[in-house]
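Shared chain: chain A. Partners: chain B in the first complex, chain C in the second.
Here is the complex of A and B:
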C-alpha cells in the first residue's frame, strides 16, 4: 500500500516534468538554424509555394498558438504528423518504441547479469587473476565506441564466421509473424512459432551484445567496489567470525548488500544506453526510435523531435522510479 | 580452575608501506573456565589483535607466531569446516560498534537463525531466536526479531550482538570494546550481562579501554601497552597496587566523580542567549508528527558560564545543543542570542552568527575534512573576520599555540594526527575566531583515557578565563563535575533539573539525576563477591 502511494506520487511528478520538457523541446528546436519547409518543398518552389506549405503545416501561426494546439493534440494521444513523411507520429511511436525497448531491456539485463557475477567474482579474487582479467575486459568494453564494436562484431560473426544473420530486420523474412505487442520475442511466442522465436533471438544477438558490452564496464566496476566494501565491513567479518557457511555468507551477507547500490547507477546507465542505441540501430538497420529521431533531427522534422524528447523524458522518469522502488526493496534503510 | 584458552608467546607483525608494525610482541595469557578476564589498554596498543588472532581474523598481510590452544588443542592451524565450527562454536566474538557489525539488510531474527543453522540446527528457529533475545534482556523480543539493525537503539544492537555470539554456545566469549558509544547507564548493564555469561565452564574475555568499567566486572585484569603485557593479576591487586607505571597512568586518568571542583567565584557576565519555551518535533515519515524531541525548554546562558547538559542517549541533549547553535529550527518558542531570535534568521544572517558561536564535535577525526591541512581547517572560520592572509596566518599560529599544538602542525593532514591532536585542532578551529559561545559536544568520549585527561585539562584552562560561555554536552558526570559550574539534566526532551554543579551532585532532586549519578563509572573499591 505504501509502495503504491509512493509510486502514484512519483507518477504525478511526471506532469510538471512533461510540461517543462515539452516547453523546452518545442521552443528550443525552433531556435535551431534550418527551416523544415525549405527542406520539403521542391527546389523550384516559388515564394508563394513556400508560404502555402508553411500554412499547410500550421507554421505560419503565432508560436504560442502552435504550442497550445500541439499540447491539445498530445493530450488526446495525437502528436501530429511528420513534416517529411506525412505519417502519424503516434503510429510511428507505437511501431518503433517496442523495437528500441526490446533492444535496451535485453542489453541491460545481459549487462546486469555479467556485472553482478563478474563484479562479485572480481572482488572475491581481489588482485588475483580473475580480477585482473575482468578489469581489463571492462576497461576494453568501456573504451571502444559502440558503433565501431558493432561493425567489428558484424565483420567477425556475419562475414567471417557466418554464425550471425545479416544486420537487417528482426527475424528472417520467411518467418514473419503477425504483430500483437510489437515485441518480437513475445509476438513469435504468441504465434507459437518456435523457429521464428529462435530466428528473432538470432537477430537480437549482435546488437544486444554490442550494447551490453559497452555498458557492462561501469556496472561491473561499481559492483566490484561495493562487494569489496562489504567484504571488508565489520558486519561481513562478524558473520564470518561466527562461523557461518560460505554459501550463506555469499548469498545472504555479501550479495544483498552489494546490490543495494546498483539500481541508481543502472538507471543512469540505462540513459546512456538510450543514447547509444541511436548509433547501434543505424549500424544494424534496426527500425527503432533512435534511427527515427536521428532522421527527424537531420531534416528538422519538429513533431518527430518533440515526440522523441517527450518519450525519452518519460522513460527517464519511469526508469528512475523503478530504480528507487527496487532500491527500497533491497535496502531496508531507504525510506520511501 | 581448568585452563580454557591458553595463548603463548603470541606475536603479530603487520607489514605497512613504510615499515613493519609489531602489533603484538610475546603475549602470553590464559583464561580459565567461568573466569572473566579484562584486557585493558589504549587504542593502537594491540588489544583487539588478540581477539583477531584467536579467531583467525587478522588482516590479510599480518604474520603471526606463537601458540593458541583451546582445551589443549592447537587452534592456529584450523582451516575449512573445522575453522568454521571453531569460529562461533568454540570462540565467539562480539564486535565493537554493534550497529555496523550487524548486517544492515537482514532482520536480526534472520541473522540469529543463520547462527543457529551454522552451529546448532533444528527446532523452531524463530522461537529459539525469541528465547535467545529474551535471555540478553532485549525488551519485546517478538517484535524486535523482525526489525533491521538501523531500527534498534545502540544498546539494543549491543544486546543483539551478544545474543548472536552466544547463539553458537561458545566455550569462550570475547567482547571487543562492547561499551563504546553507550551511555553510562547502559555501559554498566551491558558489562554485567557479558560478565554473567562466564558460567557452565565458559570463559569471558572483555577488551576495553575503560579500566574503571572493567574493574567492576572482571576477576582478572591484563594491561597491554604497545603490544606487550605490562601487568596481569587479580583486579583488586591491579587497581589498588599496580606494579607498572602505565597501569598507574591509566588509573590516574579515570576522572573521579567524587573529586570536588575547586569552586571559583561565580563571575557571570552579560546575557548571551535565552531559550524560552523551546520545543522541537522532528517530522516523521509522510509528514506525521512524532514525539517531541524537546519540549518547554527554558535556559539562560551568560558570558563566563560553563554549563553541562547531561542525559542518557536519546534524551534530547544533542537536539538541545543543535538548537543552541541555531542548526535546528525549533518548532515552538524563541532562541534569543543577544536579543535576536536566531530561529527566525535567514540562512545568510545565520552565517554571521558563526562569528559569535562555534562548536566542537564529538569525533574529532570525523569532523575534520580529510583533504584539508590543519592550517586550512583553522583558517576557514577566520575568513569571516579577517580578510588579510598575513594577519590570518598569525591568528592561526595563536590558536594552535592556545590549544597546545606547535605551529609546525599547520601543514599536517588529519590522518597524520592522533585522536587527541585532532581534537585540539577542532578546539583551535572553534576558538580561532574568538567566539562568545562554544558548544562542546562530548569532546572527549571518542578519545583514549589518558588523552581524555589532557584534553580536559586544556578545556579547564580555557574555561577558567571566563571570557566566553561554554556549553558542554556529556554523559560523563565525572568530567562534568570537574569542569562545569552548572548542570542541566535532560530527560525525554525536558529539563528535569538545573542548578549549580555541587548542589546537583550532593543533593540531586530528580530521580533521573540520581540514576545517572549511581551509574557513573568509578574504580571498583570493594572486593567482588566470589562466585
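Here is the complex of A and C:
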C-alpha cells in the first residue's frame, strides 16, 4: 500500500516533466530554419501542392492547436504516419521496440552482473592487483568508441575466427520462426525450436557483448566507489570488529548495502545504453527502433524523429521512476 | 583568482595518469598541426595506382576504397576531431557557466523555472538528442559544433549553480556584497573565479565525450560528410570493407579515436583523483 501511494505520487510529479518533454520534441522540429512543409513536398511541387500538403498535415492550424492535437495523438498511441514511407508510426514502433528492448535488457543484465562482481572485488582488494586491472578495464571501456568496438569484434570473431554469425539478422536464414512477442528468444521457445533458439543466442552474442562492455565501465566504477564507502562505514566496521564470519559480512553487509545504490546508477547508464543501441543496431544491421529512427533522421522524416525522441525520453524518465521505486522498496531509510 | 593562481604549483606533483594523458594529447595535437608535412599525400588526394591496398611503403597504413592514404587522413582527422571537440566544449563551458551563474545568483523564480527547464532537457538521453538536433539542423561544421556545445552545456550550468549557492553564504562574498559591488562585479570578479575549479576537472572528460559524439554522428552519416577526413566517417566508410577482410580502413582511424579519448579521460580522471585526495 505504501509503495502504491509512493508510485502514484511519483507518477503525478512526472506529468510536468512529460509535458516539457513533449514540448521540446514538438518544437525541436521547428528549430529548422524555414518551413517544415518544404521538407515534405517534392522539389518540383507547385504552390498549390504546398498549400494542399500544409492543410493535409494540419500545418495551417495555429501552433497551439497543432501541439494539442499532437499530444492528443501521442496519448492515444497515434503518432501519425511517416512522410517518406506512409506507414503508420505506431505500427512500426510496435514491431521494432521488442527488438531493441531485447538488446537493451540482455546488455544491461550482463553489465550489471559484471559490474557488481568486479566492483565489489575491486573494493575488497583496494589498490592491489585486481583493483588495478579493473580500473584499467574501466578506463578502456570508457574510452573505446562502441561502434568501432562492435566492428572489431566482427572482424575478430566473424571474419577471423569464424565463431560468430555474419552481422545481420536475428537467426540463421533457414530457421525463421513465427512472431508472437517480437522477442526472438521467447518466440523460438514458443515455437519449440531449440535450434533456432541457439541460433538466436548466437546472433545476440556480439551486439550484446559490445553494448555490455561499454556500459559495464561506468557501472563498475560506481559500484567500486559505493562498496568502498560501505567498507569504510561505521556499521560495517562495527560488524567486522564484532568478528562476524567473513561470508556473513560479505553477503549481508557489503553486498546488500552496495546493491541498494545500484538502481539509481543503472537508470543513468540506461540512457547511454539507449543512445548506444542506435549505433550498435547500425553496426549489426539489427532492425530495431534505432535503425528505424536513423533512417528517419537521414531523410529528415520529421514525424519519425519526433516519435523516436518522445519515446526515448519517456522511456528514460520511466526507467528513472522505476529505479527510484526499487530503491525505495530496498532501502527502508528512503522516505516514501 | 586564488583557485587559478594556485594551479601551477599543483601541476608540479601531477599524478602519472595526467602526465600520460597529456603526453598522448600533445602527440595528437602535434599530428593535427603538422599533418600536411608528415605524409606525402593530401587527405583527399587519390592514388590511382592503389585502391583498397593494405599497409605498404608509401602508404604506411594502406589506402581506402577511393585510393586515399589512410595515414594522411588520420593525421588530418586530428584537426577536425580535436578542433570540433574543443570548440564545442568551449561553447558548453561558456554557456553553462553563464546560465549557472545567473540561476545561482538570481535565485527565486528565475532559478526555479530555469532548473525545471534544465531537468526537461536532461530527460533526453544525450546521444539521442544529439542525433535529432544534428538531423534537423543539417551537418555543416558550425552546426555540429553548436549542437555538441549546446547539448553538453546543462551539466556545467548545474555545477556552477551549485558552487554559487554554496559560495553565497561565505563571509568574503557577503563582505563584497556589503561593500556595494555591482551585480556584474559580484558575478564575474567574486563568484566566477571561485566557482571555476570543478570545471577544470570536468572539461577534459567532456572533450573526450565530445569527440566520441562527433565521431558517432559521423559514423551514422549525420556528422562530417564524406569525403571529409573525420575519424568516425572513416570508420563508417571502412565498415563495408571489413566483411571482405580489408581491415585497415576501419581499424586505424578507430585506434586514433580511442587513443585520443583515452588521453582526455586520463587527464580528467587523474585530476579528479587529485581533487579527492586534497
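Some observations on this one:
Here is the rule we go by: the second predicted complex is superposed on the first by the 283 of 336 C-alpha atoms of A that agree within 3 Å, B and C clash if a C-alpha of one lies under 4 Å from a C-alpha of the other, contacts with A are read in each partner's own complex, and residues count from 1 in each chain.
Just so it is clear, a residue touches a chain if its C-beta (ideal position, glycine included) is under 8 Å from a C-beta of that chain, and two chains touch if they have at least 3 such contacts.
The structure presented is a predicted model; accordingly, all values stated were derived computationally and were not measured.
In the model built by aligning both structures on chain A, chain B clashes with chain C. In the superposition on chain A, A:265 makes contact with neither chain B nor chain C. When the two complexes are overlaid on their common chain A, residue A:110 makes contact with neither chain B nor chain C. In the superposed model, A:239 makes contact with chain B only, not with chain C. Comparing chain C and chain B on the residues of chain A they touch gives the larger count to C. When the two complexes are overlaid on their common chain A, residue A:257 makes contact with chain B while staying clear of chain C. Look at A:155: by the touch rule set out above, it reaches chain C but stays clear of chain B.
Once the two complexes are overlaid on the shared chain, A:333 sits against chain B while remaining clear of chain C.
Comparing the listed stretches 117-125, 171-179 or 261-269 of chain C against chain B after superposition, the clashing one is 171-179. Residue overlap on chain A between the chain B contacts of one complex and the chain C contacts of the other is empty.
Only residues 233-246, 248, 252-253, 256-257, 260, 330-333, 335 of chain A touch chain B when the two sit together in their complex. In the complex of the two chains, the chain B residues touching chain A come out as 55, 57, 83-89, 92-93, 95-97, 100-106, 110-111, 114-115, 117-119, 148, 150, 161, 164-165, 167-168, 285. Here chain C touches chain A in the complex through residues 116-117, 119-121, 123-137, 208, 212, 215-216, 219-222, 232, 235, 238-239, 242-243, 245, 247, 250-251, 254, 257-258, 261-262, 265-266, 269, going by the rule given at the top.
Chain A meets chain C in the complex at residues 16-17, 20-21, 23-24, 28-29, 31-32, 139-140, 142-145, 147-148, 151-152, 154-155, 158-159, 166-167, 271-272, 274-276, 278-279, 282-283, 293-294, 297-298, 300, 302, 305, 308-309, 312-313, 316-317.
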